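Each structure below is given as structure tokens.
Shared between the two complexes below is subunit A, which pairs with subunit B and subunit C, respectively.
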Partner chain A sequence: MKLFSEELKVINIGLESFRETLKKNDVKSAHVKFRPPLHVKPQFLLKIREMVSKTEKANKKALDIIMKARPVLTDMDKAINVIPGMKKNLILHAGPPVVWDKMCGPMRGAVIGALILEGFARNEKEASGLACSGKIEFAPCHEHNAVGPMAGIISASMPVFIVKNETSGNFVYATQNEGLGKVLRYGAFSGEVIERLKWMENVLYPVLRKAIEFSGGIDLKSIIAQALHMGDEVHNRNRAATSLFYRAVAPAIVRTAQDSGTAASVLEFINKNDHFFLNLSMALSKASLEPVGNIKNSSIVTVMARNGTEFGIKVSGTGSKWFTGPAPVPDALFFAGFSKEDANPDIGDSAITETNGLGGFAIASSPAIVQFVGGKASDALEYTLKMYEITAGENNAYQIPSLDFRGVPAGIDLIKVVEKGILPFIDTGVAHKKPGIGQVGAGVVSAPSEPFVKAFESLVKILC
Partner chain B sequence: MKLFSEELKVINIGLESFRETLKKNDVKSAHVKFRPPLHVKPQFLLKIREMVSKTEKANKKALDIIMKARPVLTDMDKAINVIPGMKKNLILHAGPPVVWDKMCGPMRGAVIGALILEGFARNEKEASGLACSGKIEFAPCHEHNAVGPMAGIISASMPVFIVKNETSGNFVYATQNEGLGKVLRYGAFSGEVIERLKWMENVLYPVLRKAIEFSGGIDLKSIIAQALHMGDEVHNRNRAATSLFYRAVAPAIVRTAQDSGTAASVLEFINKNDHFFLNLSMALSKASLEPVGNIKNSSIVTVMARNGTEFGIKVSGTGSKWFTGPAPVPDALFFAGFSKEDANPDIGDSAITETNGLGGFAIASSPAIVQFVGGKASDALEYTLKMYEITAGENNAYQIPSLDFRGVPAGIDLIKVVEKGILPFIDTGVAHKKPGIGQVGAGVVSAPSEPFVKAFESLVKILC
Partner chain C sequence: MIKTIVKKGAYFDSVTLMNLAKDLRKIQGVDDAAVVMATPENKSILKSSGLYDAETLAAASDNDLVIALKTKTNSGAETAAKKAEELLKPKSSSHDMGVFKSGQAGHSIRAFDSLEAALNAFQGANIALISVAGKYAGALALKCLYNNLNLMIFSDNVPLETEIQLKKTALKKGILAMGPDCGTAIINGTPLGFANSVRRGGIGIAAASGTGLQEVSCLLNNMGFGISQAIGTGSRDVKKEVGAVTMIQGLKALANDPDTLVIVIISKPPHPDVLKKIAGEIKKIKKPVVSVFLGGELKIPDKKNFYNVPTLEKAAMNAAVLCDAEKASAAKQNLYNAVSGIEKIAQKALENKTAKQKFIRGLFSGGTFASETQIILKDFISPVWSNAPIVDKWKLKNPLNLKGHSVVDLGADEFTQGRPHPMIDYSLRNSLIISESKKKEVSVILLDVVLGYGANMNPLDDILPAIKTAFKNNPGLSIITSVTGTETDPQVCSKVVQGLEKTGVIVMPSNAAACRLAGTIARGRRIISARDYEIILRGIKSH
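Moving on to the complex of A and B:
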């Protein structure tokens, strides 16, 4: 009883909201920041200090490689000609490996579209039959030095951008962005979708290829650095980056296109699509992270990718192994007529931008995106500030104006994610769960914990 | 003596820094926000309440007209063909009226360049002689429905953009932006300056004119609304607005230019100049404010402009009368080899952007500019927040992301400026004080008080 008659002095651990109540009642309190770690086995949790000291040097090396990356758009070609291991009957997809039976609706839709585009099937029925016949092989883009947004489908005839990391010499491949609405990457495969893809192959690609060659390569890092000063986080918002890319490439398009009508149609196509740069920001991110894909003792996350069914990650110190768990459904602003009921779980290789410190990690640069889901500019700052707690460092090449030009949080450290119980924050588009429909919204999502728990347990066994 | 033995309870009026000291010493204090008013005559200060009530309705009307403005870039032509009252021997300049003898160095330099460009003189000496001969007339751009950055010189043969405010039907004219470095508007007049102006007349202008016609007009309000979401305040930073303008106009340029080489050279010129849009954001601002130039009982400031010698303003309720005072020298980041010693006092019509709620008033959208002069992102917020104290309202067409998309402070109310002693904040380029040199830096400046004091005293006499 004595306790409540005395002046209360409280130590508050964890949830800050409890402290707010104390403050309101003029009770003095000290606050200890604490969040429970992810649910890894207790004997592994005890290894955290040991793992921190064992990974420190390797993580520093990895971060250094990531920061020194200099990805340049150097050329374009057909997927079959340049992507390592590409074959006529191979279809690349987003996220970790998945078989036809387990594929979500939008990915099936996109596969159907690709089979029609390749001339292997005339309609949905033929394509579905072929897809499950065993004659078509499937593999993740990430296993072929490629990345693809949403369904992420790449088939043999599709033209791809070729991005070279000039520092490490590695190459990454990504398709051209189709725009919004009914598009293959959101699972649509109607006549207009196929027709647009044909136009992109026969008009857009040759014009862009010549312009890129003429310009001697386009420095993607510089474009993204500027775009972060211009309201983009280059995942869900690419208006500035698309504008800067367009500015850089337009004179070369005009100088090299076969005629002015063709040049104008290409410029009009890019001008209508503020997301055109997305595939390039993904390729830059993959090109920056690829060289740290397998560094002994490093706990840096090198891939986060979703296939619409599962969310998968890779970690530098565990190399090419995928760690997966069910993909969550994003919180989103849905287009008129749609709701969370219609939403497919999180899908696409685009979380490679977050893995590289961009996208949701740099969302403080782009408060308009948080507004989508009812958030405020201050929420955007909070999201980014939180990500500094789970990253190995800050990448000064990419700066956030509203944080006084602080470098973005870069190099997700698996150990910090587990210890602090803070999961990577991703902003993303949302596809309808049925094939053939397309995008239904855009929003935000936290990575699920399962892949990180599995990866951590695997890394403990290697390191300790 | 009793005072200091008792617990101190303090009311702090005015400077907040005093309160900070009290806080540190655990002294309780209440704070009263107060700044001394501008130095107007005491008998006029006493009229403030009366003036507030007398101007309320008229200011609301003025603000409504400003917010409903819809300035569209509709066409281009030679100044002589379209600017009202333009003559062969007339040279328009920035700011309030000024005679040759009183003109600052950079404005003289620009006049010399214009006389050479027009073929009236072959060199500096001939041009100077002609300028003071009485054969050449001078008038402010603002008195001819025009605006010009820095020296703001417009001569008869120069091509101008034609911006129509579709809501009120009024027209405004502005030249094409030359880029940075040695350019006429900063007072340079060497061969390269004249050659560039000739190219702008013979290549850039006809190409842009055709493209604007082909595109059916370009909505400047929409471009600026987007640019404020992209790190611009469209006075000292126009990278996003220039990019969006370029995106909009490029396909039309390609479709209408006589050949692809010409089209490419025009695109390359605009692409190299992130300030290209400045003259258009000024024209939009002037076009928005022009219809409120003469509203009975309104205390809204309709023009702020500097000729490099004097800073002049106009107020709605006092119509076309200029109120002037000496122009201050901006605080600036100077280019290598230059210092404040070299700086000309504030110059240019570009403060029309601030008068329209943009530029320094919207600097919270563009923290990169405050960085110039050693400031932080939080300083940028503070500058904008302060401007809400002297404006009649907020213009939701132009939003500031970091303030949760709050509308910019719009419609400077002369009465509030005087009462609160807060002067309009302007960000600006800085010219060398000698003719022929050019830009030496960029920075920020507060308007001087004298024009506002004079305008206030004049308005009091009309209203009370």
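Moving on to the complex of A and C:
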């Protein structure tokens, strides 16, 4: 027996006291903190062990495609003109499919706002009546090559960014970010909200479109790579990325805007909104993941999205099928006057950033927001380190300085999530559960286990 | 009132939680407390102990932690809840920057989040010690095998078909799968799991019994001998379905190991087909082999240098003689002297007893000791009742309702559901020591005290109060025990022996010796007969 002639090196999994014995006897050892797997049939866990060589090969291929993605902001247009399948009476929303009856407060509020914006209704009552009349259709952004933060509402007339993945040639669409406070994406639909949306359509959009055209496209990957070195994780913190974007477009805006007053108003708007870049970070993530949406045998998670009622995921090897479970209420820091009682369950397509290895997965890059995760920089490091456990690899295009420039954990591997019982960690904003109030806090949330359990069982059946 | 707290996704191992519950029960105003993961099994335990709160627990599942408290007052519940939170907080969050990137570990403080992370950081790892809940152990062990790690699986309750799959895979890869349900092993001199600190030497052990392995290795150590390797196979290895895969693999490994001069096999009686397989393997071995199948027998007529013996003590003695006869003679002499002392001790004990005091009550933490005790006692007295009887008709109907001469294995499944093993937690046995001492017919309480890594670290503090109460209840009572341990064990054997003796406990050098003394007393004769001597000496005579 080879073991008898070797130095004993022990991996201890389970009782910590056994490791203490080893330490006392000067035996080299490492301790693994055991977490039970997610609640799936035990024979499935044994079965998948025999299949992992296949899945790992497929995942490697998928990860390669994700890492080679080169998303560029190429243009802008009205949703109706560019989003595939977009119609006047279609409203796109965040997360997995949901009907009006099941929509949460903030999503209903945002739908009401969109119907008023489109001129289909004059007030809340008319809009609600129309929304449940059957004349309005609803569909997830994710099913139309689009993504939207929080309620994620996109209606026909809204202008959208067009992001092209130059490597794979696919396009993704996302709206312009409205800023914080009372905004449509948090379910607010008062006069000022609609007015701002009108201004974004009539002033912001044409100016930005011309500037983007003038600049010949803006490389989003390079902005994010730099922003991670400047304290962003590009989900809950976008201050650096927004500043870099500002530097990229400002000269072009000044050169192409019809007058200096218009140019200044647009630049002021971007400057005042630390989250302006969020929608672009989401579009980049979606554009990077879209090409691996359906790879045989791959267990890479391609979508994580919430509609405020349910949390849904898609997995490469199971293609376009959604796997869903109830959306959890985030742990958050609340604005003065609000508490967890007011919080809506998790909402938004923005978890696409985590799916792409950013956001919560890269929180070690963002010491400025560690108060969301316990207050210490080391807490943030722990969260990112844990996410390496459930990813297929590391994306070296996006590096984390505090981890000696290690690439972000990228390509969530469903099998690892289930086997290790470690759920993806997501940074998130929190909406008030009633429509019309808006954001009440920001914080973090772990993905619920149910969608992963369902997806795993489905994948095992396909594989075996 | 019942207060229930559910913490979603907070996993702790059961040993941590049982200790925590023990601490919570000590808080004033707390009548009962349970801290468990919300598995279906644990939920039914909560139900049966009246701690189940259907409303709170409906949505809780395997990965959620439940703190259930039964208290008289609201404030008691609050205090206990606060204490629980405090105890559950991680002790330290120290960081070891060296493991952020792949590289070297080995003495790192940081616990790894996964096997992969540990493998990545800890180059050359060659064995995994798995002690997670049984239902998770199988898939984890399989992953270890695919990574070419030898295995010691301490976990029990692993499905039998999973054990077979694991052992076959290991065999194919030429690596060792000790367990599931392997409590003890000593590899390259390192104690793994529940094991004692013994010196290295020429005797190799393959054992399907953890306590048996501990007793034999300690007896050998205390006679001046050492262990080359001690391979645990797990208790089910000798079942028909498993076919002694690990036992045979272990025997081959010991036969080929240049440091092993003598081989000892320890097991409860294997399935007859399996015993044949083991015999076949023994025939191939050129080194001397000693086997003890507690309650079973093995004859291999034309095999030289093979000795099947009835007790653990004799197995140790034979192995010692075979290893170095000269060195063993001193140990043999000591044992002879101890035996001649038995008469005096027994006589003295009998002087204080009433006419009614007749019976032995054996309360064992080691299952193999419970077997060995019955085997030895049957030469003195009969019947001996047990929850794990060697004769089926002597099964105790209720393992807590002892009658006549009884021997109870407190490590049996019926006692270990939801509480730590009796080698760690003495509370159940302590209450039995006290309740049995009150019975007029009880003459001898026979115990085992197992030391070593993994066992109770403060055995005297935990057992002496119960023993003192027992002597107070019953001044004529004899309490007899052996202490399985060595001087280099963390508890230090001689200290424990002294502490017990000071309190009036009779400590014998082996469980077999303790049984013979108990048997002699139970026979109740004031003068030991020639036949008694013969029986006693038969136990220690070598070949």
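In the analysis below, the second predicted complex is superposed on the first by the 429 of 464 C-alpha atoms of A that agree within 3 Å, B and C clash if a C-alpha of one lies under 4 Å from a C-alpha of the other, contacts with A are read in each partner's own complex, and residues count from 1 in each chain.
Throughout what follows, contacts are C-beta pairs under 8 Å (C-beta built on N, C-alpha and C of every residue); 3 or more make two chains touch, one makes a residue touch a chain.
Keep in mind it's a predicted model, so treat the numbers as computed, not measured.
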- prompt: Once the shared chain is lined up, is A:46 touching subunit B (first), subunit C (second), both, or neither of them?
  reply: second
Message: Of the two partners subunit B and subunit C, which one touches more residues belonging to subunit A?
response: C
- request: Pick one for A:401: touches subunit B only (first), subunit C only (second), both, or neither.
  value: first
Message: Looking at A:264 after the superposition, I want to know if it touches subunit B, subunit C, both of them or none. Which is it: first, second, both, neither?
response: first
- request: Figure out whether A:255 sits in contact with subunit B (first) or subunit C (second), or with both, or with neither.
  value: first
- prompt: So, does A:377 touch the first partner subunit B, the second partner subunit C, both, or neither?
  reply: first
Message: With both complexes overlaid on chain A, does A:368 touch subunit B (first), subunit C (second), both or neither?
response: first
Task: Give one of first, second, both or neither to describe whether A:231 is in contact with subunit B, with subunit C, with both, or with none.
output: first
Message: After the superposition on A, what does A:243 contact: first (subunit B), second (subunit C), both or neither?
response: first
Message: Let me check the overlay on chain A: which residues of subunit A are in contact with subunit B and also with subunit C?
response: 378, 403-404
- line: The subunit B residues in contact with subunit A across the complex are 226, 229-232, 239-240, 243-244, 246-248, 250-252, 254-255, 257, 260-261, 263-264, 267-268, 271, 367-368, 371, 376-378, 401-405
- line: Per the touch rule above, subunit C residues touching subunit A in the complex are 9, 11, 13, 15, 37, 61-63, 93, 95, 100-101, 105-108, 111-119, 121-122, 124-133, 135-136, 138-140, 142-144, 146, 149-150, 154-155, 159, 162, 165, 174-176, 187-188, 190-193, 197, 229, 253, 256-257, 259, 453-454, 490
Residue ranges of subunit A in contact with subunit C within the complex: 1-4, 6-18, 21-25, 27-39, 42, 45-46, 49, 378, 381-382, 385-386, 388-389, 403-404, 406, 419-423, 446, 449
